[in-house]
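What follows is a pair of complexes built around subunit A, which joins subunit B in one and subunit C in the other.
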Partner chain A sequence: MESSEAIWRTVLLLDYNTRLVVLATALLGLASGLIGTFLLLRKRSLMGDTLAHATLPGLSLAFLLFVTFGGSGKSLPVLLLGALAGGGLGALGVLWIRKYTRLKDDAAMGIVLSVFFSAGVVLLSMIQKIPGASAAGLESFLYGSVASMVLTDLYVLMGAAIFATALALLCHKEFRLLCFDEHFALSQGWPVRRLDAALLGIVTLITVAGLQAVGLILMIAFLIIPAAAARFWTDRLDLLLLISALLGAVSGWLGAGLSAVLPKAPAGAVIILCATACFILSLLVGRQSGLIWRVYRQTQLKRQTTHQHLLRAIFEMTESRPESAVTQGALAARRSWTRRELCRGIRRACKRGFIEATASEEWKLTPLGIVEAIRLTRNHRLWEHYLLEYADIAPAHVDHNADTIEHVLDPGLVRRLEARIGKLYPKGHGMTPDLPPSPHQIAQSSERSSS
Partner chain B sequence: MSNATQDHRARPSASTPSAISIRDLTVAYQQKPVIWDIDLELPKGALIAVVGPNGAGKSTLLKSALELIPRTAGEVLVDGAPFRKQRHRVAYVPQRESVDWDFPVNALEVVTMGTYRRLGWFRPVTRACRERARNALAQVGLADYATRQISKLSGGQQQRVFLARALAQDADIYFMDEPFAAVDASTEQAIVELLHTLRSAGKTCLVVHHDLATVPRYFNWLVLLNMRVVKSGPMDETFTAENLRKTYGGKLSLMSDAISAFSQQAKS
Partner chain C sequence: MTWLWLDTWIVVVGILCALSTGLLGNFLVLRRMSMMGDAISHAVLPGLAIGYLLTGERTSVWLFIGAVLTGLLTAFFTTWINRNAKVEHGASMGIVFTSLFAIGLILMVGAAGNVELDASCVLFGAIELTPLDVAWQVSLGGVVLEIPRAALVLSVVLIINLLVILLFFKEWRLTSFDPDMATANGFSAGLMHYLLMALTAVTTVAAFEAVGSIIVIAMLIVPPAAAHLLTDRLVPMLIWTALIGIASALLGHLAALTIPPLFGFEDASSAGMMGVVAGCLFTLAALSTPLRRRT
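Then we have the complex of A and B:
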């Protein structure tokens, strides 16, 4: 098909006419992915949206003024300066409302966003009635249009994107501190307000630069979605910035490529849909907290828990006579596990060589299984003792699924728990001197198995 | 546990300048004073507890002294010089709840933030900074947790990460806001040991504390606060039933706590 070939040619930069557009939009995506991460971490997403919407009256006023003084009205630098001023005024408006009224941030931003945007829409409709002044270019600032961009537009866009990227990288350490703990930053003497202003300044720059390609309504999505998607892949800030920038660049690249071929669809929407595709992909397969991995880990956890319960159950039922066997019926009665869970658990433990069948539906621990069961039981009982010992603060720390208790609690604390248990039950108690007894009564296995 | 009150206790005298002087400090929100006319001379090398009922302005005192919130009036001197000029010598340990622990950094990266100011603008984090942060983490007993994401630390460990970050600043004066709040026994122990280490290195610690029972054991200087300073002085002179009653007033449940703590202290 011809159109799909055209799309490929565009995306692969084979088409000379669109090559620069695609590259410039990818660069914009890189910059907005980078700065968007800080915006998201600073929890100022709505502020970015407010800024973007507040550019519209600035744009329209600049156009009107320029037309009044005899220009054609379509000079890009003038329009962008107007947009910049509009965005800046919007941000100041938010700060002003916050300072002098009792309204909270979200209300202040909601007010500024809607007031500025409606003023912009009204101005836009006035512009369209001016005879002779072609306002067609202005409409593209709403939803974005890569087709209408000319060479100088692209240079402006690329310059702004590179400048914003450089600034974000330069202030990387300062922004990290600002986003994590502003009070600490302040106590160290960092000018937190100026850093905040710098962050919003870069956001404004990127927003204004992206007006033509993405449009002011959807620009916030281009800032936030790559960062949100990257969060599924990592919990390290450096990697987060890298991945977010990459995802932004990829969505800009694909989006611009697609919309160059489909000039009727607004470019902003196409680009954001590409970013959303990246987001959904990350949501599903993200290595850190993607859905598939979460489900996988949960299944593993469940399996592991059943495994631990099984070995511990057999061990505790036969603690005094470790070589004896237990019946499946007795095991089933011991815990509230379904028959299927139990059968699966037994099958897996057999395969791993922890238990063996002595007769039909009768099982005992292998020597390997005894070692493993002792380890598991020790962990479990240490946790129980810990809970008894530190009932007031313990629940926050308990992690029954930690492979060993030492992975969660300090070694010192574990030693103290062991020491306390050791004092209560001197060595030589039972068959395993290093195994703390359960703090509660263990149901006698013989009673259960005989019934 | 060694008893902080008994060995060489810090007293202010004319010859040694105060580590921290707070003069006429007043903070008001919408005309309503939160703390007012705070005058404090705090001696160098002391472990100072700031104690008072809820809403007494303990955190406000710390924050306004550090200029994190605007003061209505007053000044703060550090070693006789204005706070602004001495800021680099002061480290702050905020309350644990003040940050989002889901933030994508690990323990070591948080502690490294303590070295940022020394690095200055735009300079990237150096290996020396990371080394210093690693040492600070080891000092609070978290050497093995350096690469753990901070949301996966226990509450007590998070508190220790904050302390390590302050240590990495290598300051002379430490302001700590409720470091003992809701921590486990081993963390409490680690913090107490840390306070003693800091004191033997000649550092001054100003600590907001809420547990009257442990105040006389952990600290050697007491500031009783209830919107104004009720009393400030060496622990054994200041920690009296009379002063506690003045601080806690009619809050009966707290009063009984205070009195039982006081009688415990008297017995020991």
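Then we have the complex of A and C:
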């Protein structure tokens, strides 16, 4: 149990050696979660991938130049500057292709990614031939190794993450406009192209900052996964940004903590798998559009629909002879519901006291059920009359149209419908003075059961 | 610069790779799935790792099968997340391939102990080494041809791709340009999608093994995109793709031999140079067609 204790010590920042690493990675996750949200909303998630690959030639060129002029090639600021330049050039390349050719975003990103990475591979192959200059330092940029970071690296990473977060928060209003309505922003005189470039600039910055920790290839996951996971929790941008940043920070925190305890496993991979776990969890239980909630809401809606259809069906079949009962066979013939659906609906309605059995397989509405059924039927018919009057739909078709909408009519809308439709039909019809007559023929229970 | 038989074979392998991937790339570009090559190239890692763990060999059919299966899984998961979780296509692709890549890295490093099956060897490949792995010797009028394994594998892949494209040309054209109309006319867009994905997975994996992934990703997109700038019609686009692919392979290897000496290096990665030349040809194509501003 020594290892589990070690994990807890690391995660809870009790371990001095890893405290800074874990904090830095969490900050990186926070920043990339924040910025990744904008990328996701702009449907440019793979841009991070492209930029990450585009940093390779810049990185290698900086290394080469540095070696040529007598350095060891391992100076981090120089390498990062080179990477930044490469990423920036890649971003410009994508924007250029998008602007001047008819190719779409995906092709632009694919082209820049592969061509820049090819150039990087060429330069790397040349670096490897330099006697004495080992390219081992560059390897860590590909797969990421938190452990190899020294104190200054960590400060650079934290500084970049904080800077990127601040920038993203500062331009938050402009980016929101860019993401949701580019053309509106354009028409309002916003410098959309420059904002686009600024967003990509911040993405480049954070990508370069993260290269050393999680590696070139997996940096993109940090930009995409927290943002995509946060979408399952909310629809509002402010909350989205907050949740995404939080998820990013948590994955960075846990991932860095875990990989500090498991030194053999590549850090980038561990961090990304933590993010993936967050994503899968959100996909399942996310409050806004997680799978479990969606299925739950759908079943609830379906149950309610069946219930309301059932009450209205019984009511309409016995409208001319109130208090009479209908057989289950007649009910089954009335709508295209399955036997199981009908049985369940009947059982639930019985339990809630809306209908009661008069004989075996024969049902009638209770007084409570009649009140509810009149309300439902009224909604249905009000909508039918509305469609007839205002939407010019044939009487034979309104029933089906009203079927789909009647379950979601709220009281306010019903009152407005009454105000409009109320004067169109005669008052005081039958036993229910408030109920409009049906605009089409309704099969009565006696006709059905006798046939 | 001295040109050897070796160099001829490198160019031939490069051309075969460009042709077999470029043909499929046309359909990927038209369907706006250009990043699929990159995604598959990363996502096959766990397949390779599991194949390696099961057999303990670096080159076996099981590795190939594992890689193709994970490639297909990538396409399947991407579509699933896209449809059921309502995550945008690019993002769902990104989620799937990075997660699979991470799993692959951990499997390889964690379970295989020392990394005999090196990740960077999968990613970069070595087209320069392909002529050394001779599969077949033929003597033609006194000249002994030593056909490399990569050339053989890629030829088979190319022939399969050509056959499938000829067989399903009408369907793919229709589903690429107008999937809704294709569905309305009774062609299954979904089936064609997965057929294309399966073929892409097989081709990319076969080509990675032979020449490394970067040249495959480049040849999958760049020549078709350049061809798309030059023409609107599918058949000329396929022909342009082939021409640009051939030119990239030939000029790329030449450049790899001639340009580095100018800076005092012996030579550079041919695969990388082929990608760079393809990029240059793309820029040429973009500049030679009337540029237009999109608003």
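Just so it is clear, the second predicted complex is superposed on the first by the 401 of 451 C-alpha atoms of A that agree within 3 Å, B and C clash if a C-alpha of one lies under 4 Å from a C-alpha of the other, contacts with A are read in each partner's own complex, and residues count from 1 in each chain.
Rule of thumb we're sticking to: a contact is a pair of C-beta atoms (placed from the backbone, for glycine too) under 8 Å apart; a residue touches a chain by one contact, two chains touch by 3 or more.
A quick note: this is a predicted structure, and the numbers were derived from the prediction, not measured.
Enquirer: Based on the superposed arrangement, let me know which partner A:231 touches: subunit B (first), subunit C (second), both, or neither?
Expert: In the superposition, A:231 touches subunit B and subunit C alike.
Enquirer: Taking the superposition as given, does A:184 touch the first partner, subunit B, the second, subunit C, both, or neither?
Expert: Touch partner of A:184: subunit B, not subunit C.
Enquirer: Please work out whether A:173 is in contact with subunit B alone, subunit C alone, both, or neither, and reply first, second, both or neither.
Expert: In the superposition, A:173 contacts subunit B only.
Enquirer: Quick one: is A:413 in contact with subunit B, with subunit C, with both, or with neither? Answer first, second, both or neither.
Expert: Touch partner of A:413: subunit B, not subunit C.
Enquirer: On the A-aligned overlay, A:69 touches which partner chain: subunit B = first, subunit C = second, or both, or neither?
Expert: neither
Enquirer: Examine A:117 and indicate which partner it touches, taking first as subunit B and second as subunit C; both and neither are also allowed.
Expert: second
Enquirer: Please name the chain, subunit B or subunit C, that touches the greater number of residues in subunit A.
Expert: Here the partner covering more residues of subunit A is C.
Enquirer: Just which bits of subunit A does subunit B share with subunit C as contact spots?
Expert: Residues common to the subunit A contacts of subunit C and of subunit B are 186, 231, listed in rising order.
Enquirer: Spell out the residues on subunit C that touch subunit A in their complex, using ranges where they run on.
Expert: Against subunit A, the touching part of subunit C is residues 29, 32-35, 37-38, 42, 81, 84-88, 90-95, 98-99, 101-103, 105-106, 109-110, 119-120, 124, 214-215, 217-218, 220-222, 225, 228-229, 256, 260, 263, 265-266, 268-269, 271-276, 278-279, 282, 286, 289, 291-295.
Enquirer: Hey, which residues of subunit A end up touching subunit C in the complex?
Expert: Within the complex, subunit A touches subunit C at residues 40, 43-46, 48-49, 97-104, 106-107, 109-111, 113-115, 117-126, 129, 139, 142-143, 186, 217-218, 220-221, 224-225, 227-228, 231-232, 264-266, 268-270, 272-273, 276, 279, 283, 289, 291.
Enquirer: Contact residues on subunit A for subunit B in the complex?
Expert: Residue list for subunit A touching subunit B: 41, 170-174, 176-177, 179-181, 183-184, 186-190, 231, 234-237, 240, 390, 393-394, 396-397, 408-410, 412-413, 416.
Enquirer: Residues of subunit B touching subunit A in their complex?
Expert: Where subunit B meets subunit A, its residues are 63, 66-68, 87-88, 90-92, 94, 98-100, 103-106, 109-110, 113, 116-117, 119, 121-125, 141, 149, 151, 154-156, 165, 169, 175, 182-186.
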